[in-house]
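Each of the next two complexes has chain A plus one more chain, namely chain B in the first and chain C in the second.
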Partner chain A sequence: MPRLGIGSTEGWLLLVILAMGGGLGLFAPSFLTLPNLFDLLNASAVNIIFGVGLLVVLIAGGIDISFAVAASVVQYLTAMALAPLGGGDWAVGLLLAGGFGALLGCLNAFFIHQFRIVSIVVTIATFNLFFGLLMFWSGGVSIYDLPDWWTTRVVIFGTETAGGHAELTLPVLVMVACVAATWLLLRRTSTGRQLYAMGDNPEGARRVGISIGAMHYLAFGWLGLMAGIAGLMQSHYAQEVVPNALYGRELDVLAAVVLGGARLGGGRGTILGVFLGIILVAVTQNGLNLLGISPYAFKMIIGAIILVAITLSSQGVGRLIGSWRTPAARGAA
Partner chain B sequence: MPSTADRPHADAGAPLLQLDHISKQFGGVKALDDVRFDIRRGEVLCLAGENGCGKSTLIKIISGVHRPEPGAVMLFNGRSVEGLDPAAARALGIQVIWQDLALFPEMTVAENIAFESNLGARPRLVDYGAMKAAAVRILGRLGVKLDLQAPLRTLPIAQRQIVAVARALVAEATLVFMDEPTASLSQAETDALLAIVRRLSDEGIAVVFVSHRLAEVLDVCSRVTVLRDGRLVGTFPTEGMTQTRLTQLMTGKTFDYAVQTRDLSDAPVVLSVENLSRAPDYADVSFTIRRGEIVGLTGRLGSGRTELALSLFGMAPAAAGTVTLEGKPVRFASNREAIRAGVAYVSEDRLQLGLVQPQSISDNTAITVLDSLLGPGYLISARRQDALVDDWVRDLGVKIGHPDHAVSTLSGGNQQRIVLAKWLATHPKLLILDSPTVGVDVGARAGIFAIVHKLAEAGMAILLISDEIPEVYFNADRILHMRDGRIVGAYVPGETDIDAIEGAVHA
Partner chain C sequence: MVNHYRRALCAGIIALAFAGGAQASPDKPVIGVVVKIGGIPWFNAMEAGIKKKAAELGVRAFMVGPTSADPALQVRAVEDLIAQKVDVIGVVPNDAEVLEPVLERARVAGIKVITHESPKQKNADYDFELASSKGFGEAYGKRLVEALGGKGEYAVFVGSLTVPLHNAWADAANAYIKANAPGMTLVGDRYGVAENVDQSRSTALDLMRAHPDLKGFLAFGSQGPIGAARAVAEKRMNGKILVMGPFSPGQGRKLVHDGVLTGGYMWNPALAGEVFVTLGTMVAKGETIKDGTVVPGLGTVHPDGHNLIVDELVDLNKDTVDELAKTGL
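This part shows the complex of A and B:
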């Protein structure tokens, strides 16, 4: 779809979202109302923040399974750290959550880079490490007595419509900021282009003199930063900190991001794709709810998406199919 | 063939880089031993030698990747540049275009060319407009037009090569190393690239050319520096140099290139192909191969020769026509059937398709005949596998450390022998060799063809596919010429002059 000035994956996603939205609108008239659409955005904001963070890691050629439970760890650490600070405020909260998140991300980068272990293995290990530590240490107990600023709903835009009150809340604003910052990093800075280059051709990147170690710390640190912020937003939205609230979220986000065209294996993926992928997954979930279909159907769809994406991303499969049919496509640089 | 001696920069240039007493030791191995090297501004110089002779070590020293042993003298523009690191080498304008190009397939052509502007540890804002302008400027200098916004992966390999050259030029190169730049190019594409090399030379940029194709070396370079076993054999003007002499200098051995056709018209026909067609790859192809015969199939890249081979091997079924193998009509539904019927195919793309690189030499050799290695209990017998691998390694003279080492540790020539061993283990009646010497040096080529001739003597029918005319001319009994999917000529080496065949194929 070159006429829209966007990639074909994004074009198709947009079409599917519009078609599904239209269909759901006919079936469940409450779907296509401003309050419902704003709610969809409020509820998706956390996943979009996770998503743009994960995109950075995928583009750099890595993968991360641990970021969602890391966000839960960050929620606890932030709540604990705020107590001696007298409760803090949004600025302190964001700073702490982002900082803790970035540290946990850098821990992944440390193992991946220092010991040359593939990222999926490291992050499956840290996923269990983080979650096990959290449950062990918190005893599985939730935190309800959070500071007031943390749990008070912040409306940034509200309007009355025929369908009821429609409002956008703080997570949407934070999401916009995270999306803008990630876009700036990936598309507009030399460092972001180096990340793309590393995911695209790691050996080529090393040869032109890109610091592979720095790129690992940047990619996983950035995802950690985003995950920390997303964790803060999730607990703000839920008005409580529950240790297993984000358990399993990593796969929903991963599915949505690869649906948006990010390639497992690096080098390819766009912010718009992440946004549309997460919206599509959210619309699907919302639609299944409205149609009264079991939530397990949603899990099934998530699993199928990941499977298909892995199949399509597999370079080995692509080369085997493509190589002898089109000799010109062979001999990747 | 234009003479290189009369070009203005060949002798007129001032010395650009002068190296002396360059040695390099890795562990106990002396990779380079007291080598001397110099190149002048605007000169095109060839660095020749067999695999493992120290070429890449020398390139890595000049580009700052390795440090030479103490005592080395390195002068750039007359100034000493000891302790060169990669960044310093780049700052001097020393650029290496590696054989695998090291480009970024998902990025646009423009960004690949101007990627230099993205480098550096300090983050900056990216200026895509400036990148595009730089790419336009450089491609204009090269006299080439490319779609700047296309992702690199959509370009054929020849154009990617040009992108790699352009990237080196963006960095204000003074000295460009090109490592095997023509290995995967057709003749026409090679000519276009060589024209670019001459253009760089005319601009005063020195080019060091590394290639296994000696004809083009002699054509484009003014001098050739020959290394053998880490030592300098000498630097010679290419004027008056012949391929035979150069081969002798590189290997220290003499190879006689002679036509080796035999009259096999009485031998029984092994393969008979009649009116075979597969749109759009090839049409109406007919030929036979007799027992013990080597038939050369040549033609440019894209002429349909590889597709034809894949059809004979059961991987791309023909739409019409018949294939007869030892008198029986065959129609392979898969390459498993073809292998069982006695057809073996050594693919053109050794690195990607021919070998499982990280696996051991032993496993790679045995992979085609695992069934025959089953011992009691339907498990693979380690003893039988070892025996099989030992036999082949000895028969083909493969130089290996240990059968359990990964195949990726072997040189190109030895990897190709393992590919051969793996297929010969199936005891084929028909052996299809698709460009068997791509990326293999002269000495190893001779070794591989010695094996091929031995197999033919033993009665194997061999289809030898190559776009290097001398390779088929000096090895095949007959030559078929394919163009646009059809066989347009048949020659017998010796009866038809090699230049006439070159002319017909490259016309």
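This part shows the complex of A and C:
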């Protein structure tokens, strides 16, 4: 595997994405244009925000099914809370959405830690609880009447190209901020190292004096914070709050994050992997549309590409190729 | 088990409250309508139609909305209506087959049965439809052909590749366009994204990129027109690319006025509610519906077996969308 100072999973994913990108560039001329690449980023931003949040939980050895519907709950709560505040603005909105999200995440952590319940069981329960409460309480009614600042498109960077108008929008900026914050947490703080340690070996982590409870609240609270922000971004570009808009998104994000090398058992996973996993799925979908392939074949092709990518990046293949290569390498040396 | 009894008890109490003292008689028939699920905008509008028509005709008609879209709850609701000895039972079935035995029991008890959105329903006296799948699809095809002058590329979205109704609409629209506008071409095949606003939006963006000459989207599925219209707005193609499809008026109102969502057709649930009452009153009084009979709300009908299928489409455009949105749709 090429040594780029990144893990082998990420390297293989990057290779697959570059190969696909090259192929698409040849057969679909509009793929390698600035407007298309910017749109890919715009469209993936929300999933990447969800993804880096989920990564923190996976690294800490947990799993969360409830975050996407929690984001829907946050959208409703934020819209409700803003009305008496006279509409608010981006600062208030982000604060409220992040706050509500973190609270819902901490609710998961409370049950997981205080009652020592496995995280998948708790979050399946809260998934149903959140969604049920939302449907009951909203009566399935969407909110179309959001404040203007919430629904007005914010263009960070726009330019005219031969291929049309290309622009990066607010969700991308927010995504960069969320990715940077998560990177700092995981890579530049001792808390981050403790999260990895707990995911790898909870008992060992406890014995060296890491506070398991604090780590649970931090991991699930962080995912809640990210989910709240992602929910705000989704309703920003959709320009409406629909109760079931994010239902089912948790599995798409989970699949992409695991594809990016995060281990379901905890202790392993990188932000670059999350980014590449989500981009791979987005590029596939985008490429299928650009190539004009029949939608009846979409699921089949996406499934096949995920299988290829995950097989290539698994350690088994690395070892297989490694054992072929090693004798030759020795011979050369 | 306890839950079952409790549910039965609740249903009984609700039914009693509804039926409160009304006795069936040929002049003042009692009509009970069981819908798919209560409390959602579509059936709230239907209930308003039922109440309005009942007041006009001086009959007793009421709607029963189960708490979830569960066929078993509908069966129970119909059983309750049989026990109340109503004259007419109306049903918008969640599952046509599950209801067959209980509807048979209703008819044995001398109750007339009317269904809606369930053509070819067994054990029903009449089924009425406000839109035929062919007429609905063709109306869209016709409107797109006229708006584009019979030229250009267009794309089709459906809710999912396995939704029979959406695909029947898409088939009819494509067939019409093929027959009447040889200058128009369908790009790709149909895309199963129209129940999801995000997917509709990103697929529309991709298709606009892949096909620079794309001139129109036909989106069958509640979120498809909204998502495609947002994509068109983002690419500042207002008016250059048309977006048509059935959508919730409240949701699409702003986009229609911005000129990115061209419009479409739907049928009005309030009208369906009214027809339940008028048709119910007619059959309760012993009238038979023959070819050429005029049923208020449906117009002149030409029964196909016991199916009364008409195309009472409501035009969705910038002049009508606000009125429809006001009814909560």
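Definition applied: the second predicted complex is superposed on the first by the 288 of 333 C-alpha atoms of A that agree within 3 Å, B and C clash if a C-alpha of one lies under 4 Å from a C-alpha of the other, contacts with A are read in each partner's own complex, and residues count from 1 in each chain.
Just so it is clear, contacts are C-beta pairs under 8 Å (C-beta built on N, C-alpha and C of every residue); 3 or more make two chains touch, one makes a residue touch a chain.
Everything numeric here is computed off the predicted structure, so don't read it as measured data.
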_In the overlaid three-chain picture, which partner chain does A:200 touch, first (chain B) or second (chain C), both, or neither?_
first
_Contact-wise, after the overlay, does A:86 reach chain B, chain C, both or neither (first, second, both, neither)?_
neither
*Identify the partner contact of A:30: answer first if only chain B is touched, second if only chain C is, both if each is, neither if none is.*
second
*Report the residues of chain A in contact with chain C in the complex, numbered from low to high.*
28, 30, 33, 35-36, 39, 43, 139-142, 144, 153, 163-165, 234, 237-240, 242, 245, 285-286, 289-296
_With touch defined as at the start, can you tell me which chain A residues reach chain B in the complex?_
187-194, 196-197, 200-201, 203-205, 207-211, 214, 267-268, 319, 323-325, 327-333
*Using the touch rule from the top, collect the residues of chain C that touch chain A in their complex.*
39-41, 161, 187-192, 196-198, 201-203, 205-207, 209-210, 223, 226, 230, 234-236, 248, 250-251, 253-254
_Could you list, by residue number, the parts of chain B that touch chain A in their complex?_
86-87, 90, 98, 100-107, 111, 115-121, 123-126, 152-153, 156-157, 160, 164, 184, 301-302, 306, 310, 315-316, 349, 352-353
